[in-house]
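Take a look at these structures.
Below, chain A partners chain B and then partners chain C, in two separate complexes.
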Partner chain A sequence: MHGLESTGKVIISVVDNLHDTLIFSGKVVRRLLHPAAYNRATRNVLVNQIYFTSVQILPVFLALSVVFASLLVGIVFQSLKTLGLAEYFGHVLMGLIVTELSPLLTVLLITLRSSSAINAEIAVMKSNRELTALEMFRIDLVDYLVVPRIINGMLSMVLLSSLFSIVLMASGLLLSALIFDMSVDVYTNILLNSTSFSAIFIALVKCAVYGFFVTLIPIRFGLRATRELTSIPITVSRGMVNVFAAILIIEVLSLLTRLF
Partner chain B sequence: MPISREFKVGLFVACTAAIIAVSLAALAMGKGLFETVHTFTLSSKSGDGFTEGMPVVFSGFNIGVVHGLELSDEGLVLIRIRIPHRHVKWIRSGSSFVLYRPLIGAARIVVNTDNLSSPALSENVIPEVTVVNDINDAIARIEPMLDRLTKIADNVERLTRTLADPRGDLHKTLGHAEKITSNLAGKKSVLEMAVSDEESIHAVHEALRKLDDIMARLDGLLAKTDAQLYNPEGALPQVNAILKDVLQKLQKLDKTIDNINRISADTSEGMKDFRILRSDIDDAVAAIDNLVQKLDGVVGSKKMPELKTP
Partner chain C sequence: MTDAHPEQTAPVGADVPLISNQNVMMNISLIKEYHENWTKAQTQAFVSAGLERLGLSHIANRRNPALTAEERFCAMLLRAAMIRNALIVIDRPFQIFPHLQDATFLLGALDGISDLFMRCFILDYCWMKDKYGALCR
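And now, the complex of A and B:
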């Protein structure tokens, strides 16, 4: 009985949490589509957010991309060669690495770098009553705090993931020449034949959805912080766990989209 | 001049967006999105293995896709393929189209063009697609193996049935072996078991006994022969003595022969001297003969033959 009760509580908690997240998402999306949300203050915050999330980490991100891309492509190409499936390397490169692993690795990097920071920032603002002060000045919290961060998350995810994919394909060009002794023309032809616009569109949409949730969930959990400073690490921890759960759910949903 | 944060962000967004836009444009151009597309129609008796979006391949390169499939009024499957303008040069009137269904991997339509200088294929002509099926080929190769395996299984089954049969060969063999072992247990010897006749056994024993006697006599005979041959007064010592005597005599004879040879050589030398003497005498006689002839000539030509001697 006790076990069933506990399970029921967990399920209700998860469903409530999901419901709250979706309600909050709807509210944010409505504000995103509202032109009044894009005032000067919002634009300034957006520029700062893009700077901290994308521009500041760009050199490190590119270096990591080169390392990850070379490792991934090298291992996959070598495995394909060993298995005698070299002719499918185009499909593997585009279908698996570029459209699946590239967004996943990018979102993991952004989550580790920015989501935790956003979660902690909002939680600290809540504890210090900065949010109350903003409300007293009749500043819309969603417009000022949430909208620029969400836009930054979506834009940064799409741009950085695309950069990662381009680095991947460049690594693929180099490694295909080394491993398969393949010319640039043959490599380009294989990539063109293996690429479909629908897959690229799905990958870009997935990146945007990733960007939306890896910033929305930390903000929502940051807003749950209390006046006590000890609540900050708790909200950050819960927020990050939920972010990773959201990443998994989005990945599964994108795979289901491909199946149908 | 310090670069502002806004400029950095703007530069990043603009550059990255430009790279993405250029990549997408290159992809669109590479895939022939802005290119004229030619549509050809192929036919097949069956639609098995054909799917929309299936690649059309020439020399291992994708040159087009299957755009649509439909059934004609004659019951033939019509396959519409789309070929971009830059690849249409590979589709000639002499081209053959093969549906290749590999054992592993996706099916594709393979275009084979032997003569690239032949006229271009008209879009109104409907060539037929032949089918190459690796899966069926594999099944066809496996079928004989399965037949053999079935035969082997039948044989094994027959073997086990025979082994299990109480009237089978194995049981007969075992029965015989049992009889042999029981016979061996009841008889005194292997000979008795082999001939199974008392008289024959006695005859064999008698023959063996006689053979023993013969061998004893033969031994005695050999002993006597040894004594006669190898005793001090036996045949072999005497033969040895005779041979030694003959050897000594032969040595003496050798010396005599040497003397005869020497005399013969001397005689031969003497004969040479005789030949020289003979030739001298012959010369003297010839000279006298000449002289006589000359005298005859002198005396015969004169009326008063007178000879003045020196």
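And now, the complex of A and C:
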């Protein structure tokens, strides 16, 4: 009986959490579509956020992309050659690596670098009563803090994931020449023939959805911090666990979209 | 008849801190950029002029933790004065600069930017009235 009660409590808590996240998402989406949200201050924050998330990270992101892409493409191409499935390499590269693994690896990198920072930043602001100060100056927290970060999250995810895919394809070009002794023309033709534009569209939408939630969830958990400084690590830890749960849910939903 | 631009409360106090991840310039500029859609160049020129009048041009790029109590108070005061038709309410100012013996510094700062706000109220405990001298008589 005790076990059943505990399970029920956990389920109620998960459902409540999901419900709260969806309600907050709805509120944010309404503000995203409202022209009044885009005042000069919000636009300045957006530019700063894009700089911090997409520009500052570029050297590290490019270096990691080259390493990951070369490893991934190298292993996959070598395995295909060993299994005698070399003719499928275009489908594997475009269908699996570019449209599935590229967004996933990008979202993991962005989560590790930016989501945790956003979560801590908002929690510290809440703890220091800085959010109350903004409200006392009649500054809407959703317009000023949430909207620019969400737009930045979506934009950065799409752009960085595209960059990762380009690096992947460039690595593919190099490794296909080394492993399969393939020319640039043949490689390009195989890639074009294997490209499904609906899959690329789904991948881009998935990136935008990833960007939305890996920014929204840390903000929502950051807003739960209290006046006590000890609440900051707790909210950051819970926020990050929820972000990883959201990434898994989005991945499963995108897989289901492909199946039906 | 109602005024087209009625007075708007602009708080100053230890409970209304500066945003810690922004420098003084950004903290003060935010009000004009958000409420009146001023450009960055417009706000920076306006805020720089305000800081200069208070003799604090050097703190424009500093963040909250790097400020002295007096500098912090002036930044908060200037931020409040950025509200259009500001009715500045200073809540227990000696919580911000507890080491000061009287309100001379406070009155000097208010005098320096007196054209930027409509009125100013100072709220404090009655047992602090000695610190305000002639203001309370």
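Rule of thumb we're sticking to: the second predicted complex is superposed on the first by the 260 of 260 C-alpha atoms of A that agree within 3 Å, B and C clash if a C-alpha of one lies under 4 Å from a C-alpha of the other, contacts with A are read in each partner's own complex, and residues count from 1 in each chain.
Please note the rule applied: a contact is a pair of C-beta atoms (placed from the backbone, for glycine too) under 8 Å apart; a residue touches a chain by one contact, two chains touch by 3 or more.
Only a predicted model underlies this, so the values are computations on that prediction, with no experimental measurement involved.
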item: Three-chain arrangement built on chain A, chain B and chain C clash or fit; value: fit
item: First, second, both or neither for A:189, with chain B first and chain C second; value: first
item: First, second, both or neither for A:12, with chain B first and chain C second; value: neither
item: Which superposed partner A:124 touches (first chain B, second chain C, both, neither); value: second
item: Chain B versus chain C as contact partner of A:40, first or second or both or neither; value: second
item: Touching partner for A:67 - first (chain B), second (chain C), both, neither; value: neither
item: Partner chain in contact with A:144 - chain B first, chain C second, else both or neither; value: second
item: Contacts of A:134 with chain B and chain C, given as first, second, both or neither; value: second
item: First, second, both or neither for A:162, with chain B first and chain C second; value: first
item: Superposed arrangement, angle subtended at the Cα centre of chain A by chain B and chain C, nearest 10 degrees; value: 160
item: Chain C versus chain B - closest C-alpha approach in the superposed model, Å; value: 11
item: Doubly contacted chain A residues - partners chain C and chain B; value: none
item: Parts of chain A lying in touch with chain B, wherever the complex brings them together; value: 47-48, 50-51, 54-55, 58, 87-88, 155, 159, 162-163, 166, 188-189, 192-193, 195, 197, 200
item: Residue ranges of chain B touching chain A (in the complex, touch as defined); value: 5-6, 8-9, 12-13, 16-17, 19-20, 23-24, 27-28, 30-31, 55, 61-62, 105
item: Touching residues on chain C, where the partner in the complex is chain A; value: 8, 10-11, 15-21, 30-31, 33-35, 37-40, 79, 83
item: Interfacial residue positions of chain A with respect to chain C in the complex; value: 39-42, 44, 121, 124-125, 128-130, 132-134, 136-139, 144
